[in-house]
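Before anything else, here is the set of structures, which you'll find just below.
Presented sequentially are two complexes of chain A, the first with chain B as partner and the second with chain C.
Let's look at the complex of A and B:
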């Protein structure tokens, strides 16, 4: 996959197929620490701890109609290619947490890509989904929650095309703004 | 027909950068999508065939001093990729062919010109 946002979509779709209704997606960009990390947490059926190593095997899949799954193996490859780390954890009650960490400035680290478009597509296709999206760039943070957004919409469905178009631009601009604010701060103090 | 023209014609290239002259001399070619590998193994003057379209490819091209970039499968380059390629004076093309087809066609041309 060319962009990390495509991996993000793939993991989120896995979560939904495992019956998740809540998703927490956190992206952390820390240029000082030289890390880019994304973290996906869901409340799906989860996985038994002893089965986690099997996720890395492309011939392992829980779906009956598919003979193999490449989602996690491809993510693993994207991580390994640039010397990052991948952690998959079964949560104590139910759900799964996937954390991928990449060296920020590595040449083979795929670009983050269109996160706003990815999340909007995810919301467009899944009406009941509760999403919390956090995006951190160095010291600055942006948080979006569907719960809050739905209350602002006052009954207008989130899936309305105009709402989705607005949302996509809004998310993209907020992340752009994070970077701008951070750079401005650097300019003032430095 | 000069070398640039035969490559453009055979690989059905579209020049995406504006104000970049085709004055760099082609000395060979390289094909690959692992940027660190290209950085390590491509030679100055190579034309590089890749699927990538993000800005990092321009950094690699500038560091190795490549003669040009060819993005395959009709993928449109990112706007900031184009902008940087323009600034660095590196011609960036797109082709409808995939990596294999583009490399095969380019290999034949360079052989015909006795360059490989």
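Let's look at the complex of A and C:
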């Protein structure tokens, strides 16, 4: 995978395949702290705490027709390459939380890439999905929820291609805007 | 200008179109989104499909995702299901994705050269 947002897509698809209907995706970019973190929380079937270490084994999979599961091992590799951390937690009732943290300025850290494309691809194929997306860049934050967006659409299906193409551009623009606002603030104080 | 006001305009336009559009035939476009598919560029394929569906005004096509189909070397895979008829396209990059929408979905012509070898 070339981008962290592709790993993010892969993790989120795992969640959906585990029956998740709600997904919370949080991206935090903190240049002062030198960290870039993404966090995926789902309400899927979940995993038993004792099985979590097995996720790192490429030959472990819960899917009957498959012999391998490369998603988590590849993410682990992307994390290890730049000295980051990966945490997978089973949530108390059901669901799973995956948190990957990377040193922001490390040369071997893959770029975050096209997060808007990742979110759009997720929404395109999953009609019932309830998504909350938060993106924080230093002090600035952007929040998108499908619940609010659907209410703005007033009955037009979110999965309409025209709506999804619009949404992809909107999300990409909002993320760009986060950075611009942050830089502007720096310009004023500095 | 990617503001929410703009969304209002888009919504109004789509509401008009929905009134005019008659029932679209049942077509499902499935993109394989296992780890192998994603690593091979399935996200770009989805984006290109959406763009071309929008361009051609095909609102009634259902886009869904499937997991790894065991043809990892041929990813990204796109499967078109039209009633009983199923076609699987292999190594679908952005350009192929757009062509598949234009030829297969709009004109109803299967692009044989890009389908799985055993079909």
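Everything below uses one rule, namely that the second predicted complex is superposed on the first by the 190 of 190 C-alpha atoms of A that agree within 3 Å, B and C clash if a C-alpha of one lies under 4 Å from a C-alpha of the other, contacts with A are read in each partner's own complex, and residues count from 1 in each chain.
By our rule, a contact is a pair of C-beta atoms (placed from the backbone, for glycine too) under 8 Å apart; a residue touches a chain by one contact, two chains touch by 3 or more.
This one's a predicted model, so the numbers in the text were calculated from it and none came from an experiment.
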Applying the document's definition of touch, where does A:107 land relative to chain B and chain C: first, second, both, or neither? first
Residue contacts on chain A - larger count, chain B or chain C: C
Which partner chains sit in contact with A:81 here, chain B, chain C, both or neither? Use first/second/both/neither. first
Partner chain in contact with A:162 - chain B first, chain C second, else both or neither: second
Tell me which partner A:59 touches in the superposition: chain B (first), chain C (second), both or neither. neither
Complex interface listing, chain B residues touching chain A: 34-36, 39, 51-56, 59-60
Residues of chain A touching chain C in their complex? 1, 6, 9-10, 13, 17, 63, 65-66, 69-71, 74, 114, 117-118, 120-121, 124-126, 152-156, 159-166, 168-170, 172-174
Spell out the part of chain C that touches chain A in their complex, as residue ranges. 2, 4, 6-8, 10-11, 14-15, 18, 31, 33-36, 38-39, 42-44, 46-47, 50-51, 53-54, 58-59, 61-65, 67-68, 70
Please give the residue numbers of chain A that touch chain B in the complex, ascending. 2, 81, 107-108, 111
